[in-house]
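Got a structure for you, written out below as structure tokens; questions coming shortly.
Chain IDs A, B, C, D and E follow the sequence of writing; residue 1 opens each chain.
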Amino acid sequence: MSLFNLFGRPSFNHGIHPPSNKTVTGKTPIRRLPFPGMLVIPLNQHIGKPAIPIVRKGDEVVRGQPVAKADGFVSVPIHAPATGRIKGIELMPTALGKNAPSILLEVYEGATQEVLWGEEQTIGDMSDEALRQAIQDSGMVGLGGAAFPSHVKLTIPEDKSVDTLVVNGCECEPYLSCDHRMMLEHPRALMRGIRYAMRATGTQQAVIGIEDNKMDAVETLRANLPRDGSISVEAVETKYPQGSEKMLIKSLLGREVPAGGIPSEIGVVVNNVGTLAALGQLLPKGEGLIERVITVAGPGVKQPGNYLVPLGTPIGFVLDQVGYEGSQTEFILGGPMMGPAVSALDTPVTKGTSGLLVLNEPDIESETLRIWPCIRCARCVDACPMHLNPSHLGQLAAKRKYETMAEEFHLNDCFECGSCSYVCPSNIPLVQYFRIAKAINREQAA
Amino acid sequence: MNYESLSFIFLNAVLANNFVLALFLGLCPFLGVSGKLNTAVPMGLATMFVMLVSSVCAYGINIVLVGLDIEFLRLIAYIVVIASAVQLVEMTLKKFSPGLFRALGIFLPLITTNCAILGLALFQTFKEYDFLQSLVYALGAGTGFILAIMLMAGLREKLELSNLPSVTQGAAVSLMLGGLLSLSFMGFAGLGGQ
Amino acid sequence: MSVAEEQLQQPATPAGPMIRTLMGVAMLSGLLVVLTFHFTKPYIDENQRRAIEAALFQVVPGAVTRRDFMVTEKGIFPATEKKQPGDMRFYAGYDDKGNLLGIAANTRAQGYANLIHLLYGYDPVCQCIRGIKVLKLAETPGLGDKIITDPVFVANFEALDVRLAEDGKALANEIVTVKHGSKQNSWEIDAISGATISSKAVGKALNESAKVLLPMLVPHLEAIVTIIDEQVTGGEANNM
Amino acid sequence: MKKSKSQIELRTTPHTHAAGDVVKIMRNVVYALLPIAGFAIWQFGLSALALLITVTLSCLLTERFFNWMGSGYNSLGDWSATITGILLALTLPPAFPLWMGAVAGIAAIALGKALFGGLGMNVLNPALVGRAFVQAAFPVAITTWTPAFFDGRFSQFAPSTLALPFLRPPSVDHWIELLQVDAFSGATPLALYKFEGIQTDTVELLTGMTTGSAGETSALLILVCGLYLAFRRMLDWRIPLTVMGGVALTSALLSLFDPERAPDTVFMLFSGGLMLGAWFMASDMVGSPVTPLGILIYGLLIGSLTVVIRVYGGLTEGVMYAILLGNAATPLIEQITQPRVFGQRASK
Amino acid sequence: MARKQNNTITWDTFSEGLWRENPVFAMLLGMCPVLAVTNSAINALAMGVATTFVLLASGILISLLRRQIPKQVRIATYIVIIATFVTIVDYSIQAISLDLYNALGAFIQLIVVNCMILGRAEAYASKNRPLKAFVNALGMGAGFTFALLCLGVVREVLGAGKLFGFDLFGPQFEPWVVMVLPAGGFIVLGAWLLLFEWFKQRKALSESEAVVEAR
């Protein structure tokens, strides 16, 4: 561990301190938004193979009923977020900018919208195998952003063993506070979820890591810890990207995930608090994942807060409900550091959407500034949590030396956190360069 | 500091009277082979190596020349003997240490006809250095050459990533860099002078 | 550049013509060089003699002829062709009547850029240095070369005191270079401001040579006060 | 409800950015240099003022000329040429002839910067390239010092200041005599130390009551201005710190191995151009490494070279050459100090 | 290298060394003497003439012997021949003027390793008739001398205020000492190259513009 850890909260080296902008949303309880007239449900809301639709145009579905089934192990089913009629399966815009096949669901206006699917199940009676199957059936994916199918992560291969479950409650992105509210409002569901995950992975201990700007969440969870001491809560330094799993593991356990590797190689599994809380709520009832909490915030939003929305709600609908303003505006799905900007207001909220930001002119002005040559100020080097040399990578990228970047300067270890671009006084779009470089390298290799 | 002490001879040849930057010797490889560090370094090492060989040769031949009183043949003798010695070393190297040969070998023939080598041999004769002094002088001159060519190569690699104006691309910028390096090395002038 | 490489890669071919040509060329070049050497030698010798004498006559004012000597612990001997380790060479300057006017010796010290080589003239009568001549320097033009051109600095050597101490084994006062404008004694050298290093080098060179040469030389000086013909060797001063 | 697409901004991540850009950094460096320049003017009077103006103008005009020759883009707005000009003027003797100052400015920008493609592309510190050039070109003028705080410094120029272009500046000796400044030795504290063995009082060094280059005399003021920049994160505090550490370390080592010539650490730190060099010139990020270990090596190298040149070299002052050599070694240093990538070797 | 065995001597035979294949400005050969001895115009001239002499003499001799010298030992032979003529020059200069000899230092002897001479021997003299080799060597020598003078004149005028030893600007002139120092050598040659490159690019530009206009 670094020397600094002796003096402050546990943390990793480098990283940045952007203003957090969470004070408003972090204090307002989660509220439910009304149902929109139409839901857009992409078949590919997770990493892995898209789900296979099991409904047809004109079918009636009830809330909670599966509408698509998993296509193999690395895939999850999708459940209807509302009672209504299938309008069709069409190509619709998604957060990634590309159009993708999505189920269009017309919501019945007068319906009670009760969940009418699923049977209660007793987790304690299940075999480990059955538990993991139940997790897959719930359609659960990582709600922290990556949307990786949870049952895959929780299935530890025979030849590996995992000793610690790290529960990621950092929420290091500015503006976002949905995890924070989940921890405050559903601590018991979270504890349940943690125990399920521990069982599924066979770990004996779990650590919840929370940034120290959310001490109220730390207190709440500590009050709800089980007696046996298998779960603990640890406050870590508030620093972006503390929530990145590699950084959090380093902060909490002092272990480094090998370059190009995954946490299970060093005996760790990481899950987001939102994911486990949702698991804790859904599994006993045998229900599927049909809604999630998103943070709607940003200077352009009139009523910022955390809202529980059915999956598939177009962001335009959300914005109409909370009200927004501004002429020149940028919409971002997720946080300002890593979330993609979207161009179409009918883009839906999906399982991986953790927030919706509306940034107005004054906030984005700085980005329209001139790009200067790299003045080698070393800020990016001191910011990069992966200890890369973004300055040199950027200069190589400008000269199109993409192969050198990958072969000699570890381009592929960059996880595009954006810390380097954030601090660069020359406004060099480093992350964008690196994305392009990776893409071109991938093309060359193919 | 005693200017015949070994440490003075060494440091003086490395810094204050650097062969390349102060005495203008060995400029062709300095300008020609300094584009990339991974060729500049072996070139530097090979040069130092040949310097040591020729220093020893020159010391030996000079004794013979002086003994026979045919010093007017010095130039011809030096160049011929150094060239053959390098060839010999090269062949021996090829036979007994192919790895080393591959690293340095391609540079050896280039170096034989390089004025830093002959210059070293002549200077050590003019300065009337004894055997050990000559050897240290060669070591210093070689180290100075490596230092200069490495600095140059590093700078030129860095410049590859910058946006040089169209007119400065090519030899001109190398010369200017050489000039700036030479200006910087003037800081060592007078080292040990008092 | 591949010439030498090619040479290396060539197969061993009949050695006959090769050796013949090489021998031929070697003979030819040997002949040319020897011819040149013989043709130019007198001129070169003459040039060198003139250079040495010009320098000598400058630091030993009034001298018109010179003799070369070497001095060891045992005494003064005519200079031989080959330099022996441990002997010190010097030139003696005589007037037209053959009386010794002074002697001159080489010395050097590290200056600002490189070694400064000097010839200095010693006057046995006043036991002082009467003049210096810079033979070779690489100092900064306009700064370090003031040791040649600066009249105030040159004036230091009109009579620089190098008396021997009572026991005759060392200088009574070591020669020192002092900061510009603070010269007080006749054995001090007033430095050039802005070129202190070069000035100090001159002082150091003189001091180091004088303190070794003079204690050996002075006791035997009698032997060479006038020209004795056997001493004439015409030895070449190839050590300049 | 729908917005027309043209109004929606699409950008790549990250969507926020830390406050401050290159221009702001540069402008702040200029602010930090102004007190030092002001002190130089107060100390040395009209000559220093004229020198500052001339050198800065010469840098700006040269920069503009190369703008015009090249891209046509006006780069005066980024303030970097202004910094070069002010810093260069601050490192010159206050009575340096103005025409030589102009030559220094031209050399700084032309040889040090424009040749390599302008801002951020240069390999050596432009201001120091300019100074090294005139140091080698006009060695006498650049070692001619004039007294500080003499009466009438605001009403008269030193005679050398106004020398005609290409002509030798008149000697200032007579002028200094007429000024009747007591105790003016015509030597900087370092020269006094090196050639006379006289060590100037530390308080005098800190407050700038000595002779020397226009802007190098008050160590304290430079320290304060440098710290201002460091705390505003406009310069990398590690560089000045390691440079000073290098000086202290080398002095300490020398006192072990060569006690006769061992310099006094405090004196080494506060005399000559070290403070200005460490805080404002070694710290120019363009010529310094970006890697943490590289910065450490770079700083220590500059610090130790400074002491070695000061103690053993032919010159009284080594900071300029030490920094230039540090700049020259930067690419090599960076090559061997690429950071260890996270997870590259699993830690214990 | 594969020069055609063409025996006609044209203006080009002579002039290519002057400009197009100027050993210094175009081919960057023999850099050490170029930079080292050009701190005054007279040194530059002397060095140029000495090098030209060696170039001519060795060129003729090698051309004469070109059919006799076996391929295997040609480089060794060339070196011996060149070294012979350098020794001759060396002694001749000593005989003419000791001052000049001292000013040029070891660089006269270092003509031996000037790669321009060996290069010409290999690429030209060994493949052409003596007269043609002579004319070409004369051109190369002239080009070399011209380049040395370009440097020597600038460096002496700025660095000492003189030209061929004659005071140009009177005693009040302040010389730019840097010009006669090593750094000045690099910078002046760099500046000449920049200037030539600039002219070349301007010419290329105006030519391409002319082509556009002609259309």
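Here is the rule we use: contacts are C-beta pairs under 8 Å (C-beta built on N, C-alpha and C of every residue); 3 or more make two chains touch, one makes a residue touch a chain.
Here's who's who by UniProt: B = Electron transport complex subunit A.
Note that the structure is a prediction, hence the values are computed from the model and not measured.
Fewest steps needed to get from subunit A to subunit E, stepping only to touching chains, is 2. The chain with its C-alpha centre at the largest distance from the centre of subunit D is A.
In terms of C-beta pairs in contact, the better-connected of the chain pairs B-C and B-E is B-E. Taking the mean Cα position of each chain as its centre, A sits at the greatest distance from subunit C. Located most centrally within the structure is D, per distance between chain CA means and the overall CA mean.
Annotation: 85 Å between the Cα-based centres of subunit A and subunit C. One inter-chain figure worth recording: subunit D and subunit E are separated by 41 Å, centre to centre, where each centre is the mean of the chain's CA atoms. For the pair subunit C and subunit E, the distance between mean C-alpha positions equals 35 Å.
For the pair subunit A and subunit B, the distance between mean C-alpha positions equals 61 Å.
Residues of subunit E in contact with at least two other chains: 76, 80, 83-84, 87, 91, 115, 118, 177-178, 181, 183-184, 187. The set of subunit C residues that touch two or more partner chains comprises 1, 3-4, 7, 29, 33, 36-37, 112, 140, 142-143, 197.
Counting partner chains per residue, subunit B shows two or more touched chains at residues 1, 72-73, 76, 113, 162-163, 168, 173, 176, 179-180, 183, 186, 189-190, 192-194. You'll find the chains touch as A-B, A-D, B-C, B-D, B-E, C-D, C-E, D-E.
Put simply, subunit E touches subunit D in their complex at residues 169, 172-174, 176-179, 181, 183-184, 187. For subunit E in complex with subunit B, the residues that touch the partner chain are 28-33, 35-36, 76, 79-80, 83-84, 86-87, 90-91, 106, 109-110, 112-115, 118, 178, 181-187, 189-191, 193-194, 197-198, 201.
If you check the complex, the residues on subunit C that touch subunit E are 1, 3-4, 7, 10, 13, 17-18, 21-22, 24-26, 28-29, 32-33, 36-37, 40, 43-44, 47-48, 51, 136, 140-143. Partner subunit C is touched in their complex by these residues of subunit D: 139-140, 143-144, 186, 195-196, 314. Residues 16, 18, 174, 246, 250, 254-261, 266, 316, 320, 327-332, 336-345, 357, 359, 363-364, 366-367, 369, 372-378, 380-382, 385-389, 391-392, 409-410, 413, 416, 418-419, 421-423, 425-427, 429, 431-432, 435 of subunit A are the ones that touch subunit D when the two sit in their complex.
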